[in-house]
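Multiple structures follow.
Common to both upcoming complexes is chain A, partnered first by chain B, then by chain C.
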Partner chain A sequence: MSKNSGIIRILIAKVGLDGHDRGVKVVARALRDAGMDVIYTGLHRTPEEVVRAAIQEDVDIIGVSILSGAHMTVFPRILELLKESEAEDIIVTGGGVIPDDEVDDLKKLGVKEVMLQDTPPQNIIDSMQRLVTERGPR
Partner chain B sequence: MRNVPSLELVDRVAAGDIGAIARMITRAESGQEECRPALAEIYRRTGRAHIVGITGVPGSGKSTLMGKLTATIRTTGRKVAVVAIDPSSPFSGGAILGDRIRMNELAGDKGIFIRSMATRGSLGGLARATLDAVDVLDAAGFDLILIETVGVGQDEVDIVQAAHTTIVVSAPGLGDDIQAIKAGILEIADIHVVSKCDRPDSNKTIVDLKGMMTLGLNFSGNSNWRVPVIATSALKLEGIAELVEAIGQHRKALESSDELDARRKRIAERRMLKTAEEILRDEFEKHRDGKVSALVSQMLAHKTNPYSAAQDLLAEIRMEK
Partner chain C sequence: MINEKQALDNMAREQLEQKLEKWEQDELAKFLKRQPERKDEFATFGNIPVKRVYTALDVAETPLEDIGLPGQYPFTRGPYPTMYRGRNWTMRQIAGFGTGEDTNKRFKYLIAQGQTGISTDFDMPTLMGYDSDHPMSTGEVGREGVAVDTLADMEALYADIDLENISVSMTINPSAWIMLAMYYALGQKRGYDPHKLSGTVQADILKEYMAQKEWIYPIRPSVRIVRDCITFCAENMRRFNPINISGYHVSEAGSSPLQEIAFTMANTIAYVEEVTKAGMDVDDFAPRLAFFFVCQRDFFEEIAKFRAARRVYAKIMKERFGAKKPESMRLRFHCQTAAATLTKPQYKVNVIRTALQALSAVLGGAQSLHTNGMDEAFAIPTEEAMKIALRTQQVIAEESNVTQVIDPVGGSYFVENLTTEFEKKIFEILDEIDEKGGTIKLIEEGWFQRQIADFAYETATKKASGEYPLIGVNRFEEKDEVFDVELHPHDETTTKRQIDGLNKVREDRDSAKVDKLLKELVEVAKDDSKNIMPITVELVKAGASMGDIVETLKELWGTYRETPVF
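This part shows the complex of A and B:
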């Protein structure tokens, strides 16, 4: 009975103050149309809420969108909370408006992929699938 | 947590380890052989939880209500788990699961566990692994397990075959009629909720529904239980305590009659049947290029017929066991 295996679960959250989620909804739909289960948690989430939800949902990937410029505090916090919870096998990715040099900094910290606002949906889908394949089974 | 064998998760599940509970549910969803012995062990440890199904048309306010309900139940110290099920896209098989948006305020509480599930093509409103997930949560010590399903029609309400108590949610403003009547799911309720009673048009929905009830249409198959109609507002926090009370009362009514045992039996029967169907489907796929193909050729040549072919296939499967 292995029909359900290999389905990628991804949690999408918006962290920070900005109040529109059109962009992440487009991404969520694209991921669903690629056959993934997308758990959408809505606006204004805190890193704590994101990590707790991700663990309960046992997602493969967290995708956090930040437009408000708080990424250099939010992502380290999420990575730290995952580590504390022994859930480092959850892949952290980000999206939004992030300057190039900070993209490099985030990747050094352990954020596996950073999608900018103009990243085409197909590239996002490909990245997610590649990241889960690279991680291997769990 | 990486690649821990499922059997090693069992004790951690029983100890209430959130990561282990979550992973065990994922394994159950994957349906792989590897997790069968673990699920068997988990099943052995179940039977304590009160399983409550909440159904109603999309947008009727189920998730929002469950958020408030869960918070209220938590004030009594009981642990609550939520399994929220949404349909998968028939085109891609993927799903957007958005029920958590309505329950975010619950996130910080360790006595609450919320899991989203997609139906993945299974009919009846439940996902194939829903009851396995419920087992995991039961064995993990959750006192109440709430299952949210979309109820769109009579054939779509497997929830009654899964829950001890079924709540049907109707909302004002979603059309002229009570949607539950239209969908034919009125009869399955042990408790009726009219949600969004902060809206002025909710009165008509309440009156209509109560009218149905006073017609003597006490459907729940349990003579010592009168199906209540409870008006709630998640916005104004009205009717929530009353609903919690009604859920507890219903459990008591089940326990003080034969009905709890009858329902447990019904659930067990149904699970066995569903599981048998799945096994058969999997076996069919496994034999598709072999025995199935051979029998199909014989059918096309009119050397056998569908009934005999099916018997032959079943015999073949049994011989391999």
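This part shows the complex of A and C:
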């Protein structure tokens, strides 16, 4: 929650080279319609750019969409950069085409929620609210 | 003055109207009282309202010559006079992963299984013009497709395949011209007659800015590259399709079927204008323009969509661009089943979805077809999944007899009505695009992108609410489903093998020569009246990598950055 308003701030990001942005735009719009502050990075961002933007924008959550298969490279890098920047209170979530066993791997690494194809928008909104509540105020 | 025939027609029409009215009052009203229908209103997937039943009244407005005959203007009923009675469509399953050697093995497997054309899927770095050792390529080499950095990779990719006798399609866009140059160079190296090489590079950059989002340079120089591919092929590779103008990705990004065709035609108009502006006669290149559409979930809507696309294209080429040759007005298309309709839950049901979609493509008169693998909601498909997908096409082609009669749904009151409805609405959208300043301006303003995002959002909402039924997802779910799917394995040695190969080419080449050619490339690129293809052919032959060429031109042209809309 941003320090003053109580409104959840979320950075939605596309990392890597894949341009599949259909899902990410649906998610961004659903979260915005649910009253959250949504910042969408656009396509082809590096983990460095995403983490920098997340810190500058003082977001509660990063949501990374990836459908290229490079998730096991991208998520660990984002988590590592957040740690280096002492910004581990920013919650990392993700979505895309990710095999189930790798969803488990990502969760073990510290990705809090992984939302796959056809997850109803309401479930995503609920997850974001729950994660911020669980984390507590900053 | 009404002549005798028209008087008869009017009489028949009145009689039919009376009959319909009477049927509604008697049979229908009574029945509805007892048993109401499932919904108040029915509509296609693309939100076009549909009636309970169609009669001759619903095709009365469609001139007979608009329906016409196969192989004849406006080609509503098919581009050729014999269609599948002469030859079945090309069964063209796409494949690509790992290195050129890896994918070459899959091609040979598919050919052994009866596939009749080759279709190549490249990895993200290749699609975006990065070498495999570029930092942006990390984790993506050989993942979503095959990695190609240099001509040596392409040689491995198509090794031992007779390219004069099988057509090769390449799904590649902003870096397509380099791939086309490599293919031409490969043909020269093997001693083929370049005019005998047949195949396609997708090279449809405008739909990238709209939908698939693979780009390198700003729009203007990118369209110039497309122009150069088209004129190069017209002069040097007469049987090769230099572009595959694609609605598929527009649909997969979330558009409606109507938008898919309308936006594709808007792009077509932009390309034809660009090439004719450069001084080439429309009839010299239009016969080699090829198209690529999706077959979506609404069976009859898709058939009508394909028929309307042919009619609209014919009219545009004849009336707007003054084409004279029938081949310039004849739309030929490749079709792929809709990947976005595939589900993870109960994934074997995807075979049935794909079969129905494939049937709509065949009834709609497709020239080539890719059927998706049932496991593609998980990862790129396994060999087994691709075999079943290919068998699906073979069952339609060999067992069902649907190939015996051309355009068998032609004359259906419903399909003819929907075809004309599509045609009308497509032209309305094209008029709107013209009025608002044309395709390129509207891409820059995000107009197409917003329309696509809107329909995608609507579809997602309907899926979530269950209004849009999806078996296994919001109907007939199995809560404790255990996925027993075996996935395509990713070979962790791919990146290293690929980069080793690239480094070897760099060591073996004459670097001074490559540098000199790169300088020439910049000079050619600066002069809009020159064609970029010949110098690119020289470069790939000299061992230049895709990254060498792409990065050099980034310094001249810059890169494209989208202002995203959602």
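By definition in this document, the second predicted complex is superposed on the first by the 133 of 138 C-alpha atoms of A that agree within 3 Å, B and C clash if a C-alpha of one lies under 4 Å from a C-alpha of the other, contacts with A are read in each partner's own complex, and residues count from 1 in each chain.
Here, contacts are C-beta pairs under 8 Å (C-beta built on N, C-alpha and C of every residue); 3 or more make two chains touch, one makes a residue touch a chain.
Remember, predicted model here, so these are calculated numbers, not experimental data.
Asker: When the two structures are overlaid on chain A, which partner does A:42 contact: first (chain B), second (chain C), both, or neither?
Answerer: Both chain B and chain C are touched by A:42.
Asker: By the touch definition at the top of the document, which applies to A:26: first (chain B), second (chain C), both, or neither?
Answerer: Second partner only, chain C.
Asker: According to the stated criteria, A:97 is in contact with first (chain B), second (chain C), both, or neither; which is it?
Answerer: second
Asker: Looking at the overlay, what does A:118 touch: chain B (first), chain C (second), both, or neither?
Answerer: Touch partner of A:118: chain C, not chain B.
Asker: Output check: A:74 vs chain B and chain C. Expected answer is one of first, second, both, neither. What do you get?
Answerer: second
Asker: Using the touch definition from the top, say if A:52 reaches chain B (first), chain C (second), both or neither.
Answerer: After superposition on chain A, A:52 lies in contact with chain B alone.
Asker: Which chain A residues contact chain B in one complex and chain C in the other?
Answerer: Common to the two interfaces on chain A: residues 28-29, 32, 40, 42.
Asker: Of all residues in chain A, which touch chain B in the complex?
Answerer: 1-7, 9, 28-29, 31-42, 45, 48-49, 52-53, 55-58, 85-87, 89, 137-138
Asker: Which residues of chain A touch chain C in the complex?
Answerer: For chain A paired with chain C, touching residues are 16-22, 24-26, 28-30, 32, 40, 42-44, 46, 68-70, 72-74, 97, 99-100, 116-118, 120-122.
Asker: Going by the contact rule set out above, which residues of chain B touch chain A in the complex?
Answerer: Chain B residues touching chain A: 1-3, 18-19, 22-23, 25-26, 29-33, 88-89, 91-98, 100-101, 104, 107-108, 113-116, 118, 120, 128-129, 278-279, 282.
Asker: What part of chain C is in contact with chain A in the complex they form?
Answerer: These residues of chain C touch chain A: 124-125, 127-128, 130, 135-140, 143-144, 208, 212-214, 252-254, 340, 343-344, 377-380, 453, 456-457, 460-461, 463-464, 470, 473, 483, 487, 490, 561-564, 566.
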